[in-house]
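Scrolling down, you'll hit the structures one after another.
In the two assemblies presented below, chain A is common to both, partnered first by chain B and then by chain C.
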Partner chain A sequence: MTHDAGEPPIIELRDFRYTYLEGTPRASEAIRDVSFGIRHGERVGIVGPTQSGKSTVVDAFAHLLRLKPGQVFYKGEDVAAPGYDRSALRREIGIVFQQPDSQLIEDVVGADVAFGPTAAGLPAGETRRRVEESLNALNLSYPEYRLRYVHALSGGQRRRVAIAGVLAMHTPVLVLDEPMAGLDPRGRRELLELLIRLQSDRDLTLVVCSASLSDASLLCDRFVVLDGGRTVMDGPVREVLREADRLAELDITLPETVNVVRELQELFPDLPADILAEDELEVELLKRLGAA
Partner chain B sequence: MLELQRNVIFGQFVDTGSPIHKMDARIKLIATFVFIVASFLIDSFLGFALVLPLLALIQLISRVPAGYVLRGSRFFLGFLVFILFFQVLFYPGEVPESSYLWRWGFLSISTTGLYTAGILGLRVIFLYYVTTMLMLTTSLVDLTNGLELIFGPLQRIRVPVNELVLVFVIAIKFVPIFIGEVERLARAQTARGVPFDEGGAFKRARRLGRLLVPIFISGFARADLLTTAMNTRSYRGGRYRTKLRQLHSTATDWLMLLLVVAWMLAAWQLPDRLLS
Partner chain C sequence: MIEVKDLSFAYRTGEADAVPALRDLNLKIEPGQLVAIIGHNGSGKSTLAKLLCAVLYPTEGEIRIDGVPVREENQWEVRRRVAVVFQDPDDQLVMNRVEDDVAFGPENLGLPREEIAERVRSSLEALGLVEIGGRLIEDLSPGQKQRVAIAGALAMRPRFLVLDEPTSLLPVPVARRLISTVGDLNRREGMGVLHVTHSMSEAALFERVVVMDEGCLVLDGTPAEVFRHVERLREIGLDVPLAASLAHRLRSRGTPLEGDILDGADLRNALAAVRESTAS
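Our next item is the complex of A and B:
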């Protein structure tokens, strides 16, 4: 972990509650009580089953909801306070949404990726450089894809364009909502590697939302588990994974290795429950087999 | 903008379990039809004033909060005022010289123009209100069944009733889905730096233009998906289908309809009788 515990959180939710269409007959309560803070440089996974409130929490980070004051803070400032500069906040927090189509603004790939930097008032040369850099980072070669129509691309390509559009803004915080959905195994692996690289290169604060722990466990060092609009667990990845039974109860997909370990525990009751990678499992198994 | 569903409630269904919700959908549809006819026949402010208590009564019994309906009609009412403004300014009818209040070239404001625009406005509001209330209090299934049963006899002369009703209901129910879609897009684009929640009305309206292409694309994709879904489930028109929910009309339903008819007749005829 790259942060020290005494540092104040960059993003903080305090007793966060949210009801969509509050005060109307169609009101629906999405968040009942969520409190947690994210420090600079942390890699946090927000996990939970569907309808647990993950996407609402993401929207709250960039003040995309009708927030009440005193609940959501960025760098210690209340984002819902009157006069708070929301545009500046949104230039700091980049969000990749679940459906990539919703956040594509321009018709052509190059123009879409350039949208953020242009809106932020960057000079044309710098914008062009960022577009090229972001597209290349996502394996969409700049000369080939620059002039392609966004809506003629495949779902996986559109997702990558959406991610490139957010990367080009060079935000210190990057939030991805179900980034692996709709990607094939190769696309997943590439995205995973890219995110890990970016996080260390750019000193990013990374937040990943997912209903599956398999991708998130390789990317994050801390999990916040939501259920029914409440925080039910919050801690380092291994600590959370130790309560695998509770996670399985919540309908959260566990990493394959954790499932294997759970089965193997019937044979080796002393096998630690917080094994993440296959290599670790091999070492632990060899130890026990050697002993036998 | 970020919660557009508050401001556009057309096509929504709010189940409060009130007596109006429980009424036979056919009776509600016929009553709505009576209201629509009445809205064209009534042509005086007094007539519309007579209608008002009945609408208030319906609102009260339906238990749908009046504030919700009013706020949900904000966009619609704003648009109506905009249109009526031009209706007054370009009033094309015969205007006696004495009724002009202001004149400049072909633009004018006259008492006759104001009166006509006022009646027209009330008529449209009345129409909008009764259709909105019908949808707020009738579920999609009941609405479809009711329409199919009412127009069923037309099938004898080869009118494709089921298909027409299906298209009508899908069109209406698409409005809330569409609104939800606009909301989702606006939220995602706000995150990328198009501030939908800031600036004046004109600026906001111009930003809406950016949503048009993605909205159309998602609309077509949705229609495509719906067609495929119906085909894979072997959808065929209603003649071959049995229904789980049967509609039943009670004596109260018919009494309600009678009340509506009598009230509308009174609102149409009474003002003339009283004034003559």
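Our next item is the complex of A and C:
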């Protein structure tokens, strides 16, 4: 997907700083200085080790922090300016938190997905339509799942219900915090394919936070790398992956392909460092074996 | 030794919608063995973990831990031998401070004070937690909390440690350090470890891998033996480490790769051998 580079960012952080419990003895500085813009339709991975500030960035988007003016902008408007309608922001940026249980409110799947649209004052018919559409989009068939108990579902299913609840709000921006944590290989593969499809079908702006580049490198086209509350890298996925040594030093999990390539470069020094898919690596190896 | 014989287990026994979570399972685990148990969500691996530490009891068949049958009347005998750590440490940390939490189990065994203090000290040391022994648990990172949970289990001086997906919510580097600590504990204390995981590359670090699907045991062997079954594992929703999968693909295209290939270094060595033999 190509977007005009001159278009203003949909979300922007400018010299963002944040200290938890500011002015108390337990104050801790989570974000020292972070600036970046996200354009409409971009798929951005915000990556970094634990304590790097990723979750604080998510909380800033979710408007869970008391922000100072001049730091966080949505469609060019300062979200902390006096008079800005912050509740409207909830209809613009949908957030899926790391623990699905923290955002599942109702006992029954259908009621949980309906919670947001109902609270937003949508008519019952429209709410029902959105619940059906959102559950189906997440491969949770509406007739089969709408009356199931949330607690009786597996972790992967609960995460999909949480995503359906956010999707039902029809927000143009979707933010996911560690969406793959706790899922088994099949669950991860399915969620990955689903998110790629949803993003392109609905022309969503996607923001994924993770300490691991494995799934994020297949989902995103750009990485913003945070460390110690600062931006340390920002660029296209393959460009960032070429700095594998620096990423490994930061305790960021590299994709398995990158790790294997790093080993194999001792044997084939010209093996490209930014290979993302197994097929690609197989082709490169067969080429080199044929030459030998 | 853990002996599982013809074990079946169903949740909500007797009801029409009772689901068999485990079916006719047979398994023997020697003292001191390092075992990884893999399977997709719902394959029965966590149910097995809960049966081994007497949180659940067999519907049919039996489990014996060093000869003691897992039954309700033996629950304390069993839990003295098998300690468990769950996925979310917040589910099992009960006290406010690190040291108090680690002491909680031994205190309930009614041990003398000096013995409790000694166990707390050595468990904290084994997990690298001595410096934060006095801290509040709520101030710790998820990786530190998981270490406290393991220290608490260790303070019970069990014969077997069952780890039920303790790493699935941790960043990989943190998870790797935890696994290497568990490996050290196994070598030093001779304690058997059963580690339930979704991570194939983590499972490859264990001496034995047991694969479960739909409540049955489907594969059992060394990592090299198990990860040879690339197609079978994919069929049941699992995966193999990337290097093993690549080796499988290259072999099927006629590259004569020798030996067991589980990680990048194995693959590099095998490829180097192929290149040398074609050059000569």
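Everything that follows uses one rule, which is that the second predicted complex is superposed on the first by the 287 of 292 C-alpha atoms of A that agree within 3 Å, B and C clash if a C-alpha of one lies under 4 Å from a C-alpha of the other, contacts with A are read in each partner's own complex, and residues count from 1 in each chain.
By definition in this document, contacts are C-beta pairs under 8 Å (C-beta built on N, C-alpha and C of every residue); 3 or more make two chains touch, one makes a residue touch a chain.
These numbers come from a predicted model, not from an experiment.
**Student:** Quick one: chain B and chain C on chain A, clash or fit?
**Tutor:** Verdict on chain A: clash between chain B and chain C.
**Student:** Contacts for A:105 in the overlay, against chain B (first) and chain C (second): which applies, first, second, both or neither?
**Tutor:** In the superposition, A:105 contacts chain B only.
**Student:** Is A:119 touching the first partner chain B, the second partner chain C, both, or neither of them?
**Tutor:** After superposing on A, A:119 lies in contact with chain B but is clear of chain C.
**Student:** Touching A:281, do we find chain B (first), chain C (second), both, or neither?
**Tutor:** Only chain C; A:281 stays clear of chain B.
**Student:** Between 27-35, 225-233 or 261-269, work out which stretch of chain B sticks into chain C after superposition.
**Tutor:** In the superposed model, chain B runs into chain C at 225-233.
**Student:** Which positions of chain C touch chain A when the two form their complex?
**Tutor:** 39-42, 87, 141-143, 165, 168-169, 171-174, 198, 200-201, 237-239, 241-243, 245-246, 249-250, 253, 255, 263-265, 267-268, 271-272, 274-275, 278-279
**Student:** Across the complex, what residues on chain A touch chain C?
**Tutor:** Touch list, chain A to chain C: 49-51, 154-156, 181-187, 211-212, 251, 253, 256-257, 259-260, 262-264, 266-267, 278, 281-282, 285-286, 289, 292.
**Student:** Chain B touches which residues of chain A in the complex?
**Tutor:** It is residues 20-21, 24-26, 59, 62, 64-66, 86-87, 90-91, 93-95, 97, 99, 101-105, 107, 115-116, 119-120, 151, 165-166, 169 of chain A that touch chain B.
**Student:** Flag every residue of chain B that touches chain A in the complex, lowest number first.
**Tutor:** On the chain B side, the touching residues are 2-3, 5-6, 12, 14, 16, 64-65, 68, 184-185, 187-195, 197-198, 210, 213-214, 217-218.
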